[in-house]
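Chain naming follows the written order as A, B, C and D, and within any one chain the residues start at number 1.
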Amino acid sequence: MKILKNLLKTPFFIFGVVLLVGTLSFAYILPLFYHVDIKTCVGAPYMPPSAEHWLGTDHMGVDMLSLLISGLQSSLYVGLLAGIIATITGTFLGLYAGFRGGWQDNTINMVTNLFIVIPQLVLLILISSSMKEGRSLTLIAVIIGLTTWTWTTRAVRAQAASIKSRDHISLAKVNGASTITILFKHILMYLMSYVFMVFIMQTASGILSESAISMIGLGPFDTVSLGTILNQAQRNEALTDGAWWAFLPAVVLIAAIAFALYVINQSMEGVFNPRLRK
Amino acid sequence: MLKRYPTLRYILSKAGWYFLTFIAAVIINFFLPRMGASNPVDIIMAKVGAGLDTQAAIEKEESYLKEFGLVEVDKDGNIIRDESGKPVQASSFKQFIRYVTMSLQGDFGTSFLNYPKKVSEIILGAIPWTIALQLPTIVLGWIIGNVLGALAAYRRGIFDKFFFPLALLGNAMPFFAFGMLLVWLFAIQMHLFPAIGGYAGDLIPSFSWTFISSAIYHFILPFLSIFLLSAGGQAIGMRSMCIYELGTDYIKYAKWLGVKEHKIIFYMFRNAMLPQLTGLALSLGGMVGGALITEMIFSYPGLGMSVLTAIQGNDYPLIQGCTLLVTICVLIANFSVDIAIGFLDPRVRAGQGAK
Amino acid sequence: MSEVLTGVKQPEVETMQADSTPIFEVKDLHLHYLTRFGDKIPAVSGVSFSMKQGEILGIAGESGCGKSTLVNGCMGLFIPPLYPTSGDVRVKGESIMNRTPKDIRKNVLGRKVAMIPQGAFNSLNPTRKIKDIAADVIESHDDGMVSKKEIYERLRERFHIIGMDDSILNSYPIQITAGMRQRTVIAISTLLNPQMVIADEPTSALDVTTQKAVIRMIFDLLEKQIFSSMIFITHELPLLRHVADRIAVMYAGEFVEVGTTEQLIFDPRQPYTKALMGSMLSAEPGQKQKKPVAIEGAPPNLAKPITGCRFAERCPVVQKDCKLNKQELRVVGERLVRCDYAK
Amino acid sequence: MNIKALLRPQTLLAGALLCGLISCQNKTGGSKDNAGAGGFPRKETLYMAGFQWGEPNTFNPLCDWPAFPVGGNYNLMYEPLMAFNSLTGQMEGLLAKSYVKTDTVISIIMDSRAKWSDGTPVTAADVKYTFEVSKEYPAAPTNYVWNHIGKITQDTVTDADGSKAERLNFYVHKERKNPLCVLDYFTTVRIIPRHYFKTLLDSLKDLSAIQKLKIDQNPVVSGPYTLDTYSGEKIVLKRRDDYWGKVLFQDRLPNPKYIIHPIYKSNEAFSLSLQQGTLDISSTFIPRIWVKQKEGVRTWYPKEPYFVPAAMSMLMINCTKAPLNDKNFRRAMASAINYKEIQNIAFSMYSPDLEPGLILPFGMEKNYYSKEDADKYGVRFNIENAKKILKDAGYTSVFSSDGKTLEYMKNAKGEKVPTLFIKSPAGWTDWEAMVSTAVKSMREAGIDIREGFVDASVYFNSLPTGDWDLLLHAPVPEVTPSQPWRRFEAVLSSRNWKPIGEKMNENQGRFNQPGVKGYNAKIDSLLRVIPSISDEAKKVEAYRALNVIFMEEQPTLPLVYRPEQFYEFSVKNWENFPNEQNPYTPPQIPCFGVGIKALWEIKPTAK
């Protein structure tokens, strides 16, 4: 609670939260007042913003604001799901490797390296080409989650290794606590704030990864996401046609949501880790 | 016996693990593309098969299957057939053995999609561009980012207050989105920089000032799109590492002994940099993936696009060639960083040596 | 420069009148920490003392009482978040407050005042060889006149003089034992023959044998006149019996009792000093029959203003008005005591 | 920290990289004259693009798909016997001066003036060798010609002016009886020098060994240009000043001394460079061309439909699968597609209004089209009509409570109809847009259908195997003498019928399975006779009959008309390109067919 109080005293944190709430309400509150329709052509291609269509239309004449709302929802979903998968996988492997050390550590380290070495892209296309119905948003999120846990593992491993020699862990070991108990009760609890911050970062990087994957043209086939909006804008010459409304708002939204998460993460780090204080 | 030489022991143990990783990566690189449903010869045949009568199509298909080692062949080079006359497919294992033996002889095979171009030819033609764009950008971004991060951590104050959120914002911006904005603003709206290609369309590469200046001119936007953001990202990491180092007892002790400021900055910089080295190795691994998007946005020459089309067309030899290259690069980068850290940081060496 | 390293004391003009000018003087020093939210937390409130040439002052108190803060504040260099509020620190009559960091670094730190920090494990840069850490200290004070080779040579000489194995110089901190590391820190801190050494719990976290070796080294350095005056900080009051000439006991940012070693060890007057002596697990003569008694409660939160005696909440002999009246240091016999009821 | 020491290896590395970059450039014979940079003056260089998307693989005409301008139907380096002018419907002479067609044999007279770049004349032996090389080596790319050619003989005739000329007689395949396809071959088969390739093949006796040669050094060609240099970024062609064909152009040479084909990685790059004037002519799909007109980008027509329609994009239907095997269901789909919206939004108005049937109601095919039939048998966009057809055929669509969203549909037996998917390559933006628009209006009509975008490789793989419900495809877009027969053949023919899962290169929807109940033998017999009908009235009748069957059965769903190729040019650096006002060649990029004539007519833009 004291941490929360301290956080609320940090203007940087407040700024992050406000930005996050702002983008979230763009995705979830705005649709209550704005008719979201991403299927109907409501006008000519690349119609500039007007009173009726606040952000104009895309290359298909679909209302851009609707696309953004729906795209942001998808991106948030991907980010959250990928973040959860990556954090859980990464934390568990990192804890185990850091705590056990020895050959288990080396093996996990090898698997981590392997995942770093094999490009995410290759994995993504290979997996999706075997999917008959094409790529769904969930599949993309799972693939991102399963390929980005590596740095969580590395970070958590280092943390776990550094605290495993602390007194209370040794005491638990002497008292015959099982590895699982020690991992979860003693080490994980100790690292909880750290893991939470990792989760925030993984969510942000999940959103960014999705946009990159969609940009290449390997995005979801069934949904609009911020990445597919950018991809479509680029392929359909929004840049050359000067249709800034087709890409600028999406860029701003991606940057805003990731920035908000980074800011929150950084200000939390400042509070959790007193060394970063001034 | 090795206990007496902790450094050697450390290097050997690292090398051993990296070798294992390499073997595993080669196996995965080989078998993963083959798990997909489509066979590259089918893709080729879909392109050239139209208009052929059945017999001609079968003959053509078989000649490709044989050429790429996808069917069993007897001593005389004839295709082995089953009772129904269909060619017997070569097992994945046999293909793997063939691949490994050929690779060891330096032959990475012939591309399916760019037949009859050799994989090594394609890679050699494209990789200099990828390296020329990505390597200086990543390394320079890393150096400048680290210096700025260290400065922000050491000086704090206004510089930090302004620079840190900016770097954070840069980090939150996908670099391709940033690249798009750059193209839109500076190439399309303002006509300051070219939007397409690695050098002017009326040139061929040569050692002339015209070519080099044109290449540099075309280099600026793609460079900025990666450099600014990666420097920002590195700066954020370096900043918090430096703040951590600044709070350590040895820095305080040195301060209390009146050690000069530049020496203290050096202490901080050097020790904060060690973990950043790992970050450098990792970002070198993301080079080809990152190159792909840059190539798309700036129509820049390079390997990324070849990789994408290879994967989409299931061009196994080209995929394998590229991933093998990436794998080797990443492993070498990581290995050298591990060794460098081992030499630079006695703690790591001692920790490993004691095990 | 060579005198600095060989341990032969320079004859200085000031030493002539050593008795009239205190070698080290702290006048009504107030220090505070600044939180990241801009709040000031006072950590040291109105400490004054002065030391004669060759004197060893012991400062004792629980962890968090401000003794480390006090000595950090005596260095003239303030590392955020610690800041001076008011008061003065003088070395040989010359104030070291309000001087530029560059000046402080060059002319005060290491040469006039030197710190021996606690926890030598983390005090040495882990990625640097001992000889380079030491060389950095020398180079920072000699204007770069001496070559690296010469410096290494002198370091070897110095280590011989103080009886340490010079092979240590070529090691990284992680390669030597904890006791050796602490002795190395002491050797490095005293490289420039400082006029004043501040030892901040140099023996904490060491086993008894190593503790003794460290204390022996300090005495050895005193004997060899590498330095002569020292403030020795510890939370183990009895340890000071063999080390200090005078002892000051600190509580919640204030001195509560200052007197000679004899006075404080065998006849503490202030209730906190008494409690501190009582809480010690040690077999000092004259205290044999007493069992160690822990001091109940916790020190006050300095972030909030305190009106009365700062020890009142925990004092076993607390009186009605203790919590209302601010206690001042007063002379009781030949010592200073901060308790209106102390006799 | 010695910064200088750090920098030194980097500068070295940078230098090494630069060397690498430059040495990787493929050096070819001709490039020596312009070894310096900037050897291509803008006024003498034509930039054309859209044919080469990746790394040039080979320039060997014996490979299956060599790089531009060797593969495809480009007439720049290797030339065909004749070229087809889609404006006039006439075959124009190239290596062959003229042809004489009978029902059983087509004879050509060689142009005796034609010469290879090494000075040897282009002879009938070269032509015979090009066609017959696949008899010895079945994997040779010209293998397909034997589908329609029985044999080739050679003799000599005396020309009108009394000189001797070589003649080749192509005997039409006796069973297939399709002289139209033989005519097609005259325009699609590029003649290769026998003296060059026979020596190679005879020495190695192995086609796949020959196929590994790139033939990128001093190739022996007959066309007006030859390969100068190439890299992953561009292919440079250089004019051959001793081109034999200048006699066909009043002894003039083409105006551009160089033709450069830049290799860009994405569609919008072509559009951008066309607008910035770094590209002169492109055959890529560029949406909203009217926005680009202010930047000097032009098309055949200055306004809609901008391009000359010559082919169709259509949804292929898997006719073996319920409910798609029900012609009523197919007709309901045809009636439920909003063609106008596809044309206007997805296809940037590049198509005239779509008429029912498989015959284009304009251009060369206009004669075969019957408005009367179209009105009588065809269906047009009408959602209510679609709903009615579905209802009459026993299908029920279940909508959500607000009546807006389709939930599922049931067939006459009350069983739920599984959702249908339209397979289409992901990332092909105009195709994606067409599919989405079609899906939208079909769902409104109550047909449970969805987009099924897949990677292009998966798409190409499944096209011949029929592994899909519906699939977007543009069959045989080339304008050749055999149109529209080829389109009907590609859509309706059951000649090579194979079950789903095996490969079929036409009628991939498996319409009209032979040997089962309901097989309409009339379709295949019409397809067989049309090519050999010489009486125009009978031909019209046959086409009408076939088109009526198509409209009644609706085995595929045409969506829009599309040009043979997109033809966009910029007038910033070159002018006098052919267009509607100045139609001296058909709307073809000047590397195709008779379109290359434009190379002689375009001029640097006066500034």
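Quick notes on this one:
Just so we're on the same page, a contact is a pair of C-beta atoms (placed from the backbone, for glycine too) under 8 Å apart; a residue touches a chain by one contact, two chains touch by 3 or more.
Predicted, not measured: the structure shown is a model, and the values here were computed from it.
Nearest to the overall CA centre, using the mean of each chain's CA atoms, is chain B. Using mean Cα coordinates as chain centres, the one most removed from subunit B is C. Our note on geometry: subunit C versus subunit D, Cα centroid distance of 90 Å, whole angstroms. Rounded to whole angstrom, the centroid-to-centroid distance between subunit B and subunit C, based on C-alpha atoms, equals 55 Å. Put simply, the C-alpha centre of subunit A and that of subunit B have 22 angstrom between them. Per-chain CA centroids place subunit A at a distance of 44 Å from subunit D. Those residues of subunit B in touch with two or more other chains are numbered 37-38, 188, 296, 312, 314.
Shared interface positions of subunit D, defined as residues touching 2 or more other chains, are 266, 272, 455, 457-458. Counting only residues that touch two or more partner chains, subunit A has 125, 129, 234, 239-240, 278. Subunit A makes touch with subunit D in their complex at residues 39-41, 45-46, 59-61, 125, 128-129, 133-134, 217, 221-222, 232, 234-237, 239-241. Those residues of subunit D that touch subunit B in the shared complex are 1, 10, 13-14, 17-18, 20-22, 24-25, 31, 34-42, 45, 47, 54-55, 57-58, 60, 63-65, 134, 138-139, 141, 143-144, 146-147, 207-208, 211-214, 229, 231-234, 236, 260, 262, 264-266, 269, 272-273, 276, 278-279, 455-458, 460-461, 463-464, 496, 503, 505-506. Contact residues on subunit B toward subunit C in their complex (touch as defined above): 248-250, 252-261, 263, 267, 270-271, 274, 344-347, 350. Taken in their complex, subunit A has these residues touching subunit B: 12, 101-102, 106, 109-110, 113-114, 116-123, 125-126, 129-130, 151, 154, 204, 208, 211-212, 215-216, 230, 234, 239-240, 242, 244, 247-248, 250-251, 254-259, 261-263, 266, 269, 275-276, 278.
Across the complex, subunit B meets subunit A through its residues 17-18, 20-21, 24-25, 28-29, 32-33, 35-38, 156, 165, 168-169, 171-174, 176-177, 180-181, 183-184, 188-189, 236, 240, 243-244, 247, 278, 282, 285-286, 288-289, 292-293, 296-297, 307-308, 311-312, 314, 319, 323, 326-327, 330-331, 334, 355.
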